[in-house]
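Going in written order, the chains are labelled A, B, C, D and E, and every chain counts its residues from 1.
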């Protein structure tokens, strides 16, 4: 369904994403891990077409997404929702309006300027908020919400787009462990219940291991690992993060229960390096 | 009694810089005659020159009759009229001319009823004072109250603006000045219309005269009363003899062909002063 | 998930909220729209569209980048005259005439595009217009006789006293007194040198590197002199006028700042020695600001007469009010910490101001002053037009006489450059001074 | 008590710092002195040139400053009974002046808004054209209103419209610059969030940027409205209708009509002060409301 | 040498400093501690005459300081230098100029207006800066310095006054532990080497205990403790701060070594409450 073909992004002399090729056959929950600067964000932004690729192609159900322009490109963006680390909501607007922004692509510019949304959309927005457990916050301003709530509003906005795919760029990096868990649970539930594909950049191994069906490891813009979560050993992680022997997973863990768990060192990994 | 410099104010009707240039020769002669620096000033409108004379910042100017009246009414001790321009035919007068566009169908003041009428500058004799008195005398019901007889009465700011405003159709009719000699199609021999024609600004075929005033006395060249007598005498003599001395310079200063200047006194303008008093009050 | 009841109430609540928001979203534009409709009629926009004279716009536009050369025959004397823009100072010197004029007895003017005007014997004229035919005209006394038919196209205006023909190549007018041909050319003619100058028509390379053209003077000196004293464009006067305008802005702005600074201390709550005086000072600021530069200009013109000093004073008076207000606000916002630090060393009151207050407000004040310097350059243009000085007067007068549009264009370009220059200079100074000032 | 005896580093080290600092101080004093000197010279010579090129001298004029206002006021005082009637008579002209200012502020602010968004890095619709739009704004700002007004009077005839257009153009340039300075500091996260949903440029700006910058824009807009009232009065003075036109005529008439001049002046002054106070109060509330 | 006699300051109905009487016989390093609002700052400001006392007297070497006016008062201020929590320097001026402000009282107003100081003063200023280890910063602007450096500039300004007494109002409250230590060390050294009296408001017990010869505790404007640092027990501290039984000193400690130290609970205290 989604095929990435030698996708490359260069910023001047730097290559942020370096000929990444990946194939996704069916909707799955996919985690991308990698150190800061590995190119995770750039990769997701290219898929959403927020950033243009330097080379390579993204093919979704037969369409070359990289070649889309103008209206068609915006149409693609509306089918492939994005969630950001900093939520990227409109802070001065109320929660429902923020969720309704998911329908912008379908509505005329003029109508949205005057706050004209069909009643059905408004109701659906509240249902989505309710599904994420924050319907009570509906009339509040987005900036009045806690981080975890804001991220759920962002997810609601994504769902409002009724997307084929949800891209999440470190969705829990600004959240405390408690809220992180709520958000990741929501994403997983959406994947399972709606069957939508979810690709999430994650900066902690245990989150990836716990929530994802498939984990992709990036380093210096290249894919250095692609496998099942159980293949993600400490050794593989060291490769991905380019860390020394003193690397310990718990140092970066956000899982509430990590402290009680043992790293399952027995798993085997498929590393590309 | 000594003066440190001599300041000549020049009235509108031309590009500010053109005016200063036309007077450059007079400036030289003055410096030579008085032995002090001479400066030229071209204020933006009549009022600028009047204020300069009243405030003592301008020593000599060629005023319009109404502007002289305004100066006199504000301070009778401010200036002395000394000379007046003499036309080629020996007269010292000119006329206020009312005109309209041919295609508006207006040919007389009667047809101006309900239409927009334009004056020039409020301090202009032919552009405001005289027509505002004589036009109402042309018909029983005519008054100059905006909205009463005319649809509206406006001030365009000056003769040039009036001509262009009428030619453009911004206003239906207006008044400006001319010597009323020569041919209408040339814009007469001299006056604002002639200048506009010469500049290619209007086509006289498109305009029609609808009114003409009685003869208006040409405005005086005035000197500030407070000036030392010898300065006044020297300047009067200089300008009086300008035509004989340097014809080109006289042409420039008088803005056209003339027979030169001749002496004039306050009494010539008494009627204009009375008129101004009647129209504006005080 | 919460029960259906609360979800439904949430839905109705939010729907109501959105109805309200939509109402306000529509209300503001509606009010503005209603206001515009009112203005549409109050300003008589429909009438305006009718009255707008696009011919004038065309004249203006074409005149501003082109010039015309007049060929005039005095119909009584038969004398021919050639001049640029019909001005005396643009007259071709005796014996010279434009290259597109030929013939001795019959003077032929080639307007281009096969349009030809022939001045025949006496008062007769022949005009060849391709696609229209040959127009013959002759004057007898005041009457103009032509072979033109009753019905003429709209670009010809005929009466028995005057004939005017306007073609794309040029214009011809015939009256009893004179026959005149205007030939239009792009560019500003005589911009560098008038006909009197020996450098007129000489290529730049000849002037720069060639032999002396005028044996009296070195080429470059002479060229600069003649350019500077060009009677047609008067570059010297224009430069003086610009200088006068900038001078008004400079004197007015800095004069105001110098006067306003001590007054601002008296007007600031924190520093005013007497509170009643503070109130008075504030009202004075409001008054001079409220009266506006325009009225100050008129009031001061009586006392000081026309000229740049009057303009500078008008700016000075108004800006003293503005600066007074801005400065005293800045003074009220100063931080107490620094003042207290200086005070704790036993500093005297003046020293307290010097070191506790001035360093804090200087950047704010300077940047304001420089900002006003730029905007006052623009005001000085307008004030000059009223009080009689600077480039503003030249510009407004040139516009009001409505014929020298190329000069208007020249002045406008210079004014825009002047304001942009001041903007640039003040921006640069601001950046520099604020970085290193004490 | 001596501080030096306890000096920490070796004395030569301190001496170097001392001498280099002294040199620096000397240089700074020199520059400061020179700057001051140049400034004083410029002021003095500027004053002298202006005085020389003026018809009346500064010092002689100073004693006469009160003459003109005294004449106007004394006549107005004599005829004070007519004042209310005159105020009513000129009220429509005042409304016209305010209308010119209001319409041109609205139009100019709208144009300035669009221009500012088009010329702000990160927001621009066509990033490559940012420089172009900035230059356009510079030129719009640089052309004095009077120039545009006078040219338009030639084409459109007298009346309020040329003044309105002239002021609107200038307002667009001036506000555009201020607006884009504000917009430059806007948070881009919401814009990106909206972009990711496939929002158009218009939607991104309206929903993502405008809510953030609105209070500042409004505050600048109000300030501009106040400035534009003055501008529209001044343009009236050179023939663009409204109160300025009436004022010029009554001043030109001189004695006999000074009561009218005084009445118009009163209206103009009152209006300027009124809107000045109104806008400064409202602006304070806007920017303060922003802080909380 | 310094005698405070029933010094009182009222702000409307509030009494900030309530009849404080203290006697200082010889130059010492004195710490004043107390909760926020206890009146510490107000007390010091009255001593410097930045604030006028409502009642009571301050007598320094026989002179009634509270009665001084105008020139005499400024003379007193120059003999009793003050250091502030926020440094209160002129940030846009260079370091040396800031230090030279300490001489303002002695120089003519006119000369100082133009920033003209005797060369000898400038040299001395740099020597003082050198003594405090920041001579290299001399030509920089004060605002370009770190907090600890700025506070040392403030101390240099105080020394430039050549004062009999230095008052320091929470001199280390805006500093990190590292810089706090440098500043306190400087103050202590000045006290020891020059024999100047130093009175410092401090908000941490351990600082007071470590650096001061005598500690005064204030609460609600009154002196509630006056004794040697070793008398300052946790129990006394609880009284001073009005804290409950859960009060633990390390929570407010800024000492770099606190973590390694044991509170010496054995000391006895003289509490007034």
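We adopt the following convention: a residue touches a chain if its C-beta (ideal position, glycine included) is under 8 Å from a C-beta of that chain, and two chains touch if they have at least 3 such contacts.
Bear in mind that the values here come from a model prediction, so they are computed numbers and not experimental data.
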Least hop count linking chain A to chain E through chains in contact: 2
Given chain B and chain C, the chains that contact each of them: D
Steps needed, at fewest, to go from chain D to chain E via touching chains: 1
Middle chain, criterion being Cα centroid separation: D
Pair exhibiting more inter-chain C-beta contacts, C-D or A-D: C-D
Distance-maximising chain from chain E - centres being C-alpha averages: B
Chain separated most widely from chain A, comparing mean CA positions: B
Between chain E and chain C, distance of the C-alpha-averaged centres to the nearest whole Å: 64
Gap in Å, rounded to a whole number, between the CA centres of chain D and chain B: 38
Approximate Å spacing (C-alpha centroids) for the pair chain A, chain C: 57
Euclidean distance of C-alpha centroids - chain A vs chain B, Å: 82
In chain B, residues with contacts to at least two other chains: 7, 9, 41, 51-52, 55, 57-58, 157, 161, 164, 168-170
Sites on chain E at which at least two other chains make contact: 115
For chain D, residues that touch 2 or more chains besides their own: 53-56, 61, 64, 67-68, 154, 157, 238, 251
Touching pairs among all chains present in the structure: A-C, A-D, B-C, B-D, C-D, C-E, D-E
Sites on chain C touched by chain D in the complex: 32, 35-36, 39, 42-45, 48, 51-54, 56-57, 60, 244, 247-248, 250-251, 254-255, 286, 289-295, 298-300, 302-310, 312-313, 378, 381-382, 385-386, 389, 392, 395-396, 399-400, 402, 408, 412, 415-416, 419-420, 423, 438
Touching residues on chain D, where the partner in the complex is chain C: 32, 39, 42-43, 46-47, 49-51, 53-58, 61-62, 64-65, 67-69, 96, 99, 102-103, 106, 138-139, 141-147, 150-151, 154-157, 159-161, 164, 230, 233-234, 237-238, 244, 247, 251, 265, 268-269, 272-273, 276
Chain C to chain B touching residues, read off their complex: 51, 53, 56, 68, 86, 142, 157-159, 161-162, 164, 171, 173, 175-178, 182, 231, 234, 237, 301-307, 385-388, 393-394, 396-398, 400-404, 407
Contact set on chain A toward chain D in their complex: 48, 50, 73-78, 81-82, 84, 86-93, 97, 101-102, 104-105, 109, 112-113, 154, 157, 161
Partner chain B, residues of chain D touching it in the complex: 53-56, 60-61, 64, 67-68, 71, 154, 157-158, 238-239, 245, 249, 251-257
